[in-house]
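Each of the next two complexes has subunit A plus one other chain: subunit B in the first, subunit C in the second.
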Partner chain A sequence: MTEVILRDVAKKYGQLSVVHGVSLTIPDGEFVVLVGPSGCGKSTTLRMIAGLESISSGTISIGGKIVNDLPPKDRDIAMVFQNYALYQQMTVYDNLAFGLRNRKVPEDEIRKEVARATQMLGLEPLLTRKPFQLSGGQQQRVAFGRCIVRHPQVFLFDEPLSNLDAKLRAQMRLEIKSLRERVPTTSVYVTHDQVEAMTLGDRVVVMKDGWIQQVGTPLEIYNQPANRFVASFIGSPAMNFIDVDLVEEQGRLRAKARDFSIRISDQTAALLRNCKATSVTLGVRPESIHLGSPPADIDTAFTGDVAVTEQLGAELVVGVNAAGATIMASRIAPDTPIAVHENVSMWMNPKSLHFFDAKTEAALR
Partner chain B sequence: MLLLIAPAAVVLVCFQIIPILVGMNASFRDWSLVNPLKTWVGLSQYVAVFTDPVFLKIVLPNTFILMVSSVSVSLVLGLGLASLLNKSFFGRPLVRTVILLPLTIAPVITATMIRWSFNDQFGVITTFLAYLGLPEVAWLSDRWPSFTLVILTDIWIWAPWFTIILLAALQGLPPEQFEAAKIDAATPWRTFIHVTLPMLRPVITVCVLIRSIDAFRTFDQVYILTGGGPARSTEVFSVYVYVQAFVNLDFGRGAAAAGAGAIIMLLVGVGLYRLVNRTMVRSR
Partner chain C sequence: MIGMLAAAFRRGVFSIGILAIFVLFVGPVAILVLTSVRPASGAYYIWRGTAFTLHNFVDVMQQSQVVKAMFNSFVLSSLATIFSLGITVGSGYMLSRFSGWIQRSWFATIYIFRTVPYISWVLPLYLVNTRLGIYDTYIGLLLPHIAVHVCFFSWLMKGFFDGINPSMEHAALIDGCTRWGAFYRVALPSAMPGIAALAILCWLSTWNEFLFALILTGQRTPMITSTMAQFVTETGTEWNLMSATAVIAMLPALLVTIFGQKYVIRGLRM
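For the complex of A and B:
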């Protein structure tokens, strides 16, 4: 049972605080993804778990044992680095065997472990090659193999796919996913790529400026973002934000901005009335904005001039100037005839509206 | 464009190409200062050099012993010092400056300093060694003690050069491999052997190549310390050429000796160059 527990873990470099009291419990076998923009403290947190960075305060325990003062080799972890960090002069076999040899594992056992890992990763034909003779994807697979052979308690991944091109990244993502099914070890995966976070994580931890913003399953993070940052960081194209005033009109609550007025559903309205907010930020994902007129019972229509169109083949993304912002709408049929500057009508799915406190940026629920 | 490279070209032609051509011409002639007929003698000067027992049995072995021992010991010392200086400790900038000092002193001065320090009668070091009760060594009067001093002086001068270059290389190495080694439970020694050294290999190879070629033409230290003596026993290639050309005033023989050295160095250089190329491919 390998549970990883972080309690109020903080990291300071002199006076500069980069991670502020992170607390997180990762149950046995869970694959957790730390995601956030550059400088959010995700890699530092991972490196503190690995023992490559000292901990300024708080505790980290792995498998019930506090590891704050243990060197990396005694934490029973394995790590995959962004630039693979393979030993350049060694063959693939020696790269895989190095950690086991350092731990004085008998050579025949090493052979068995290496064979198991290479078979799992399809590395058999590459065993005698050196890293510089391998492609980026193959090198990363060797790096995974180096982790697998050791049967560690925890896998740590530090942006392992960042150095690969888009196509290979998608392929490797699938490989990690399939590897994960076969080796269900507790894992912490750091990335700035929201697609990796959404597709790989059992749970996703969104970080910003050294603080955890939200912890949840990918769908929770996507559908119920805790604040405006999480809402804007996860999802592509990003969520639209419109500063609106909440106005009561004939017993109905409406969100109003310049040349923009939509009705808020009764359920959401009750919630917003409870919060007693008047100036809020309305958030709506591009796929929840549709072209044309809404069904009769929905009063969320608005009009605007088309500012930009992006043809993606499978869908058309349209940016419309309305409510003092450029509102992006996606998943529009790619053959829809829309020209820039054309005035179009659009509507929002009332069930997919998010509201955030204008000051604190926290989601209003 | 041509005008821009003209100054460099003029310098190159005047101070490199012309002297080389003059030297090559001299090596095929009987060109002595006391008998300047400059008679064309073909390859006989080269034959004389390559059959000269002093050249074959003393000069060449001395030159290669100096080259191999100085370069290898300087490399090992430089590597050790660079590894130490790569760690942070109190007073590191001061230690770094002190270690690099020999590099800032002209080899002639260093050699003079060493000669005085090892003087048989009033040298500081000989006196100190005698004070310790160690047997007396005729440092500058016997072949091997003198030649050992030559080698030690060369190491004294060049170990800091290796240190500074290898330190720069060490500081430029990516940290991830070392972190991976830490997680892989590698001991500091195994990390040095399996991670640090292989990553430094291209730099080490280039340093060795440059220093080997340079060591082949060592002159100052040997000339100042021993002058090639006693009885020509510590002569190295450059001193041999100097003696032929400017002591015996036989320019033809001196030029041929220089040419012979160039041929030997060309062969050694090509070998080392191939080694460098192979290492670069391996370490990519």
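For the complex of A and C:
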């Protein structure tokens, strides 16, 4: 059983604090993705787990053992780096065998392990090549192989797909996914790409400025973002944010902005009344905004001038100027005739509205 | 018509350029080689006369001081290269990978010594060497050479290591190496082309060095460069013998350059 537990782990460089007290428990076999913009402390956290950075305060334990003062080689981990980090002067075979040779594993066994990994990753024809003779995708596959052969307790991935082009990245993402089915090792995966986070993670940890913003399954993160940052970071096109005032009208709660007034469902209204907030930010995902008029019982219609259209083939994305912002709506039928500057009416799905405190940006729920 | 004139003009400029390079670089060597195969009487009239001889070479090779100097220069260059590289590799790696007050002070030190004119080291070194009793010995010449090399080449070495991605060493640390193991087994082999280039530059710079050889050695430990200068005597300069010695001294340097060129270029491209 390999559980990885981070308790109040912090990192400081002199006076500069880059990770502030991260606490996280990763159960055996779970694949956790740390995601966030550059400088959010996700890579530093990973490197502290690996032992490549010292820990300023807090503890990290792997498999029940506190590893704070253990060098990387004694932590029984394997890591994949963004730039592959293959040993340039060694052949693919030697790259794969390097870690095992360091651990004085007999050559027969090394041969067996390398064969297993190369077969799994389709590397057999490349064994005698040097890294510079391989493409980016092949190099990263060798880097995965280097991890697999060692049977470590934990896999660490530091943005492994960032150096690959978009098409290859999508392909390698699937490969990691299928590899993960076959080698169910506890893994920590760092990325700035929300698609990788959503598709690969059993759980996703969203970080910003050295703080954890939210931990949850991909769907939890998507459907119940803890704050405005998480809501804006996950999802593409990004969530729309509209500053609104909450106004009681005839016993109903309405969200109002300039030329914009929608009714809030009773259930949500009860929650918002509880929070006693009047000035809030309304968040709504582009796919929850529809073109046309709403069904009779829904009162969330608004109108606006089309500012921009993006034809993606499978869908049309439309930006409409309304409520003092450009509100993006996606999943519109691609053959819909819409011209820029045209005045259109739209409506929001009342069940998909998010409300955030205008000051603290925390979700109101 | 104008186009043709312009082309002719360009060709003219190009030819003059080539000629200038030839006169500046090839010319002196040509005169040197020519002088070395003329008898003493012909040294001042190398463009005239038809008397050629290889006697100069035989003559200088029979002078024990010249042979000894060749040997000394060879041994000293090789020793200086080995020791300097040993220190330079460590120093360059440290400057590239670690930061702290030790690294900053070291960097400042070699920076200052690099900016000090070379000649201002030599006279104090003479005093130090005589005081320590190592004047005119291998060690007395070896130490200053190593010091100079370390100051000048640590920067280059730092550049080589800067060009090697440290994540390779991190991977090695995770793969079971110690910090030393990661340096020795992963970083060092990757820096090999650069180290080979430095070895050649190091060797050549000691072999060609004149000032230290002139001031810090005497009759006991002659160097090839200072020995060459001793053909200037009170009764005149033996140009033919000096040239023959110079041609012989050029050979090892020439060989090293020709065979090492590919490593130097590859290394400096790192």
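Here, the second predicted complex is superposed on the first by the 365 of 365 C-alpha atoms of A that agree within 3 Å, B and C clash if a C-alpha of one lies under 4 Å from a C-alpha of the other, contacts with A are read in each partner's own complex, and residues count from 1 in each chain.
FYI, contacts are C-beta pairs under 8 Å (C-beta built on N, C-alpha and C of every residue); 3 or more make two chains touch, one makes a residue touch a chain.
Just so you know, these numbers come straight off a predicted model, no measurement behind them.
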Fit or clash between subunit C and subunit B when superposed on subunit A: clash
Subunit B versus subunit C as contact partner of A:F132, first or second or both or neither: first
First, second, both or neither for A:N102, with subunit B first and subunit C second: both
On subunit A, positions contacted by subunit B and by subunit C: 50-52, 71-73, 77-79, 81-83, 85-89, 98-99, 102-103, 146
Partner subunit A, residues of subunit B touching it in the complex: 174, 176-177, 179-187, 190, 194-195, 198-199, 201, 282-284
Of all residues in subunit A, those that touch subunit C in their complex: 50-52, 71-73, 75, 77-79, 81-83, 85-89, 98-99, 102-103, 146, 150
Sites on subunit A touched by subunit B in the complex: 50-52, 71-73, 77-79, 81-83, 85-90, 98-99, 102-103, 130, 132, 146
Complex contacts: residues of subunit C adjacent to subunit A: 165, 167-168, 170-178, 181, 186, 189-190, 192
